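Both of the next two complexes hold chain A, though its partner changes from chain B to chain C.
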Partner chain A sequence: MSNTIPNVSNSLTRSASFQLVWLGIAATLGFALLMVLLSWASALTGSGTSTLNAIDAESGTLTLQLSTEPPQLDSTRATDSVSIMILGHVMEGLLRFDANNQLVPGVAERWEIREDGATFWLREDARWSDGLPVTAHDFSFAWHAALAPETASEYAFILYPLKNAEAINTGTLPGDALGVHAINDRVLEVEFEQPLAYFEELVAFPTYNPIREDFYRNRDGRYGADVEDLLYNGPFEMTVWVHGAHLRLEKNTDYWDRERVRLNVIDIPYFTTDTTAALNLFKDGQIAIVDYLGAEQLDEVLRQRWELLRFGDGSVWFLAFNFDSGRATSNWHLRKALQLVTDPSELVNRIIKLPGNLPGKSLFPVWLQGVNGFFRQEYPAPQIALDASAAREHLRLAMEELGLDEPPSLALLVDDTPGAGRQAEYFQNLYGTQLGIDIRIDRQIFKQRLAKMQNQDFDLATYGWGPDFADPLTFGELFASWNPNNNGRFSNQEYDQSVRLAQSSLDPHIRMNAFGRQQEILFEEVALIPNYERGRVYIKDRRLQGVVRRAVGPDPDFTNAYIVENP
Partner chain B sequence: MYAYTLKRLIQGVITVWFIATATFVAMHSVPGDPLLNERGVNAEIRRNLEERYGFDRPIFDQYLIYMTNMARGDFGISFTQQNRSVNDIIREHFPVSAALGVLAIVFAGLGGVLWGALTALYRNRLPDVIVMFLVILGISVPSFVIAALSQLALVGLNDLVGFSVLPVAGWGSILHMLIPSLVLGLGTMAFLTRLMRSSMLEIINADFIRTAYSKGLPPTRVFIKHQLRNAILPVITVLGPAIAAITTGGFVVELVFAIPGLGRFFVQAVQQLDYTVIMGTTVFYGAFLVFMVIAVDLIYGLVDPRVRLE
Partner chain C sequence: MTEFSLTAADFERVSVERRVQTIARPSLSYWQDAWVRLKANRRALVSFYIVIVLLLFTVAGPWIWAVDPTVQDLDQLSTPPGADRRAQIVQPYVPWNGVFTTINESLSDTVGATTEIRLAQPASTQTVRLVWDPVLGASGYRVYRNVYDPAPDGAVGLPLAEIYDPRQVSYEDLLDLTPTRYWYSVIATDRNGREAEEYTTLAVDTIRVITAAEAQTRGLVDLETLLSLGDEVRVSFHPLGTDYLGRDMLARLMYGARVSLFIGIIAPLFFVLTGILYGSAAGFIGGRVDQILMRFADFVVALPFLLFMILFKIAFGIGPGESGVVPMLVALVVLSWPATARLVRGQILQIREEAYIGASQLLGAKTHYLILRHMIPNTVGVILVTLTFAVPTVIFVEAFLSFIGMGVAPPTPSWGSMCNEGIQTMLNHPHELIFPAALISLTVLAFNLLGDGLRDALDARMRSRE
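Entry: the complex of A and B
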């Protein structure tokens, strides 16, 4: 009798296994159908075109990865390095930087800079990507647009040397009061607010790029938002822009200097901030360059025997002080004590450990030009002799002046990146052991750190400054009492006067002397403790040549790049 | 049924409104200033920016304006990409996340049900032990580790074979989706396997199964009609939230595989205090989640005859 009910669980297992096979087949078929649908969907949202390898010599194509897609290609409002890099490839201002980082004629074929203004003569063969000529009106319009209060351009200040620019931006004068006039299609007249020694450097900045009025107005606020919302006049033009997925630049055959451009296509199908992913793409032969590497990736690069390249990105990093009278850091003796125990080379060699970084000695980095040679050779940075006992003496005086019984506790405001954390711990340890000063590390996310800087809610802060243009003024101005980026509110009358002099003087000797004096004042007053001049390391495919890395201007620059098949 | 659906939808709208309000309040009380950038600006430029974004108005006015616009389906303009609307961002990037999510859910659902059924049938035997060990790995190892490792494995594979079998990263074809969606779905797959296994075990020796056999049904029919259908109910319950979790939780996978999904905006907007994008993505995802939960409840009523929707 018991045989009438078979061993249930065994037969179930067997037939269920068959069942699973059938289910599997059905699932595979359903899956295939789904794949077809999804592949259609991904083609819609992606590039649709298959990507080539890192380098394709035959078609002259280069494949790259970027950390993000350009957030803003409206040149009046672009502020970030990725947008500026792309703009540097698809646009051209009056002047541009060549392969040796020298300023050379761009849309302007010649120019004349006087005490009260400048005149630019535009070349006849400069064309927009729709074939129309680039005219003086296009520059005049772009500058007016950037200064209009409703544009709310963050970089409007870079146009302030133009006559009445600041008043227009603040809304006290109408736009037509601007000292910029298109005399005719090919002559642009500029009036200055005051004499200006570095205007050539300024006009290479993207905020000074031309924009054609009729096109801009037709876009209804979307200028620069999509591939069809831009006109190009640079070495390349954008032909594909699928947001977040794919950007494609192709050689602009209407570009006046097209002989110079040797690449046909720059294809950018990868956007990620993950440098490890970038390194994997490079290893797989999908991208031609990894433009920034972290310290944690050096081992892999060395193991693979890739050529490690380096360059200075031009920025200077330092400890900033809060000069608010309620803060201990407003005391000179305290700052001096910190200065006397800080050794930037130790920070660079032991903590940062990335080749290419230079120990910081001054607010003015080594690459700046002086009168004839490098500024720092003509005006060497003051030497800091480390002296722990003198430091303790200064600390004692500081405590006396501040009425403290024990060393003060200081808040050090830093970013939330791992590197910033390591540096903060280094300072915490250094000042704790050497001076008995308790450093409280205040790690904040980007926007909150900025807000705390702005509100002077810190004692010490790690801070970096990158140049807008290649003149010492871009650094010297930083500590002028009126500068919105002078977050610690350092204020020194002689320093301010010296900055004013450097702004308005045309004599290189007077200007460089002024910067030399500023360098001294910053040291004497201990307005900052320089940490390092940032270096970057990167790797690239050996077949790719002529890539320009630079501190000021679009970086990296592929407009002079070319492919060699057998390096 | 219709009344029930209507009631749930009204509840859903109220939930979304509440999410929007809570996000608005939370966002404005987070320290930090969305208009600040690397370069500080002078007071005049600052004022221009505030006017542009309506920050010069009282906070309650901002709330009213925002809610009115949102009711009209306008999420405003992004702060970081000042010429792109949040609607554009969602429209262009959500389909990417959704496509990836659908595939991930298919992986997770099919894998979870099949592995779960399999382990239940082979309870305490070798296949069960192996799969359950993998399941524990899948649940406990975070997705960024799995993502990075699988990408590394891909590089190694391509290197070994000598050509690109599967792309290492990027977007644009079905090949780009396979590994990322597998990684994305892995955690859910592991979770569903466990769920399926335990609910299979619960009913495998139940009386109604015995009855089914005793009335002479073939085992395949018992498996499909009685076991699978009953065991799958808990899986369907969690599938709704799981779909929402997978389509919103792809940030790490999107970053590692350079995929242009919405997850990236969702996370980066918070870091950047990009108010409009925070609001837009949160409300959108909130509505999506609410909708998924409602949909699952309705489906549940269809699958389980014991549930009556009233």
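Entry: the complex of A and C
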């Protein structure tokens, strides 16, 4: 049969394949040549833009990358960490955090906190970037604006300790009933709704930043939307904002404490959430800091022998349950069963694999202060002993109560980051093999996940909560029945009472006792399964010093940073 | 009456001797000829065998390599192929309280180096327990770990922990321990929290360990009581290594191939069939009907695939965490047929005008006879070629959709989703990306080359010459 194919065809094929080989070699060589030419060309053009170095000591310029640009910079509506970080550089409230994360005077020169209110005396030399002084009216106006129902600020609740604030925000009282009065340009008088133990912590939060009324009204609703729609009173002012592409902060020469600020320019020409891309920028000397790394990048950093640093970002991550009566997760036995097989230590050491993360034991993280020492030393978290057979017994009871013949199928709502996906698959396998519970993973982008949580469209959800102020209350009130961020609608009367007590009491013993009780209730009711307290690992250029990382407040903070030529 | 019969011999020609050399070959049908030419095309033949091996890999593979692709082995995370599998039997993990000193001195502004770091028990992948001598005046300690020797430039590596209690002179490391050599450095901090200039480093070789109970659940031994402490076992074998959750790569690739090849073969079958029916109807009827049908096909071509895929996913009520394979299949079939339809229509239009069709019609052939006897056999080459080229395209689409998370739901693997996961750890554990990526490339290449060979083989104009 093979004879039927004429030989000539074979030789044709052979010569064709020779041609193919030669073409292949030529193409490869050509491609290599092109690459060489291109890299040479880019080196030529690159030398023209060499000012884009991570650190330029001469001009005091620092180049950074951010995960994303701030959605807008109106402090009354800011919610995300990027906005808070930028606002911390271009704005200043009554108080601020210093390099040791202590509260120090900002615009307020001195202050006095009483049981029923507070008085702030403002410094004379605090200036807006157009040269006019920052006055008490600016604070009063900003707080009124944040509480106005038409602003729809998500963080309005942080102003609720002010007298009548909640009623104004919900529209039952007019705005002028607010217990905030500018006595004159330099004295601000505040009335509280009830005694308040942590007001100093609150006024450092961006929602409490000042806004000048005439400027705000001039902007016609565009306040904070662009570089010319903002007035600055902080250590830096923004000079460039190309949306989605470039931010540039320059030293504010009108800032009262300008001696403190040693950087001249903070340039942010890169926005990416991809930590590998950020690491590559760092490797090329394009950025001075990669503010957090993933576990996959650690090997590369070790290989490069860069200096690794760590800090706890203060947030607590846990599995939240949906307490809606139609959901299987409203059943206590089911939640108990899940709790009895979840080992946070395994999650942290085998799945997350990043140093600095602590296995979660409680809603209240280890760094919170108690009466004298750390809260968690004074009120240790309840111990969970893993017990698979007890868990199966609880599951059996749960199925009985729910009237099910087989273990329920649960939807687990997570972010669409790679890390979240891994944790979800770990939980899926854990609950599947230990309890036979089928977990459906619902991966959503951040905004969609928040929306689904708010609509109570989940059974289980991985939930992280970062502190707004350094008091256990920022965590404790998360599970109060009235809190809009209590997405699973956990509701417990004793817990609510305990939160009310902690909000209104000034006695640290009573307050810490209340938080201790809350910690117990959350454990007894299995309101959550703690996963981990997040730690972050980061790298920075050795020439950059004085960068402050913190759990509460703007992070990372470059207002105290400086450049050393030869570290 | 005598019987008169003719035999074949009677019809034999009166011999006229003629010596003519005849050259003949057995008559070859179209298919036989195509097969011959396909066999002569070595590339196509190799591709054909690769495709068969892939099908075996998918269908028979999971029977031969009967490993559950969803089982997570947290002791063997991201293990490359050919890793050392020896493990020692140890006791179950018991929490450790650490070591505390009672000395309580005043803190000082400068502190010296930690003098000696010891191991409280042999280092293993279960735990590494470090103990060191207290440093005078230290306010606390920092513990670092590196996989490279920090000696040359003081790169101490991962900051494992900060100990604020100066009495605590121990640390337990549990973080992602693998059997390798670690360099632990313990640095004392002074009153102001600054690290001491000098420090001590301890090199530790960890060995892989496993508890007897674990060994039994993993099926390494029949009964855990057969094992005693210190025995050596071999942990489960993973020929292609494991992924980031310790799942067997080979098993995952086999199951992943099911999804990829299922979509890759079923979807083209359906849309090519639709295309044939649609195209031949348009081509055969012709005229206004043809115009309308083909304009509709143009309209379908213009529809964006990804958008429709998402719409179908919603329309099918595919909830979170459920597989998106069915909507993917539907979207592929609904949106991909026009290419085949156009091709077949063109072919039919051409054949319709051929002389033999006219002849056949004159002889009284009916429409269905014309279609079945002449039209379809003459377009079958084109159709087969479209089919083989559609398969790799669809496999690639599936891989892409799973890559962006639109396809299968975890824990079901698919080559695309495996690539997506592998790309995260590409630099450290390249095997997690290379294997699925290589399989996608190989499959797509094999189907393309096979399609190429088929096109040459089935082209009537390239039939073997006499």
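Quick note on the criterion: the second predicted complex is superposed on the first by the 510 of 567 C-alpha atoms of A that agree within 3 Å, B and C clash if a C-alpha of one lies under 4 Å from a C-alpha of the other, contacts with A are read in each partner's own complex, and residues count from 1 in each chain.
We adopt the following convention: contacts are C-beta pairs under 8 Å (C-beta built on N, C-alpha and C of every residue); 3 or more make two chains touch, one makes a residue touch a chain.
This structure is a prediction, so every number in the text was calculated from the model and none was measured.
Participant: Could you say whether A:300 touches chain B, chain C, both of them, or neither, answering first, second, both or neither?
Facilitator: second
Participant: Which partner chains sit in contact with A:258 here, chain B, chain C, both or neither? Use first/second/both/neither.
Facilitator: neither
Participant: Based on the superposed arrangement, let me know which partner A:77 touches: chain B (first), chain C (second), both, or neither?
Facilitator: First partner only.
Participant: In the superposed arrangement, does A:345 touch chain B (first), chain C (second), both or neither?
Facilitator: After superposing on A, A:345 lies in contact with chain C but is clear of chain B.
Participant: For A:18, using the defined touch cut-off, is the partner it touches chain B, chain C, both, or neither? Pick first, second, both or neither.
Facilitator: In the superposition, A:18 touches chain B alone.
Participant: Taking the superposition as given, does A:396 touch the first partner, chain B, the second, chain C, both, or neither?
Facilitator: Neither partner.
Participant: Just chain B (first), just chain C (second), both, or neither: which does A:542 touch?
Facilitator: neither
Participant: Quick check for you: in the superposed arrangement, does A:153 touch first (chain B), second (chain C), both or neither?
Facilitator: A:153: touches chain B, not chain C.
Participant: Going by the contact rule stated at the top, is it chain B or chain C that touches a larger number of residues on chain A?
Facilitator: Residues of chain A touched, chain B against chain C: more for B.
Participant: Going by the contact rule set out at the top, does A:110 touch chain B (first), chain C (second), both, or neither?
Facilitator: Neither partner.
Participant: For chain A, which residues lie in the overlap of the chain B contacts and the chain C contacts?
Facilitator: The overlap between the chain B and chain C interfaces on chain A comprises residues 5, 9, 444.
Participant: Please name which positions on chain C make contact with chain A in the complex.
Facilitator: 25, 28, 36-37, 40, 70-72, 74, 77, 145-148, 153, 155, 157-162, 174-176, 244-245, 319-322, 405, 409-411, 421, 424-425, 427-428, 464-465
Participant: Please output the residues of chain B touching chain A within their complex, sorted ascending.
Facilitator: Where chain B meets chain A, its residues are 30-34, 36-45, 48-49, 51-52, 80-84, 88-89, 92-93, 95-96, 99, 102-103, 106, 110, 114, 117-118, 121-122, 148, 151-152, 154-155, 158-159, 164, 167-174, 176-177, 204, 210, 213-214, 218-220, 222-224, 255-258, 260-261, 264, 271-273.
Participant: In their shared complex, at which residues does chain A touch chain B?
Facilitator: Residues 5, 8-9, 11-20, 23-24, 27, 31, 34-35, 38-39, 41-51, 65, 71-72, 74, 77, 79, 149-157, 166, 169-171, 221-225, 229, 242-246, 269-274, 276-277, 280-281, 283-284, 286, 444-448, 450-451, 454, 483-485, 487 of chain A touch chain B in their complex.
Participant: Note which residues of chain A are touching chain C in the complex, please.
Facilitator: Checking each residue of chain A against chain C gives 1-2, 4-6, 9, 294-300, 302-303, 305-310, 345-346, 348-351, 353, 355-356, 411-413, 416, 418, 421-422, 424-426, 428-429, 432, 439-444, 537.
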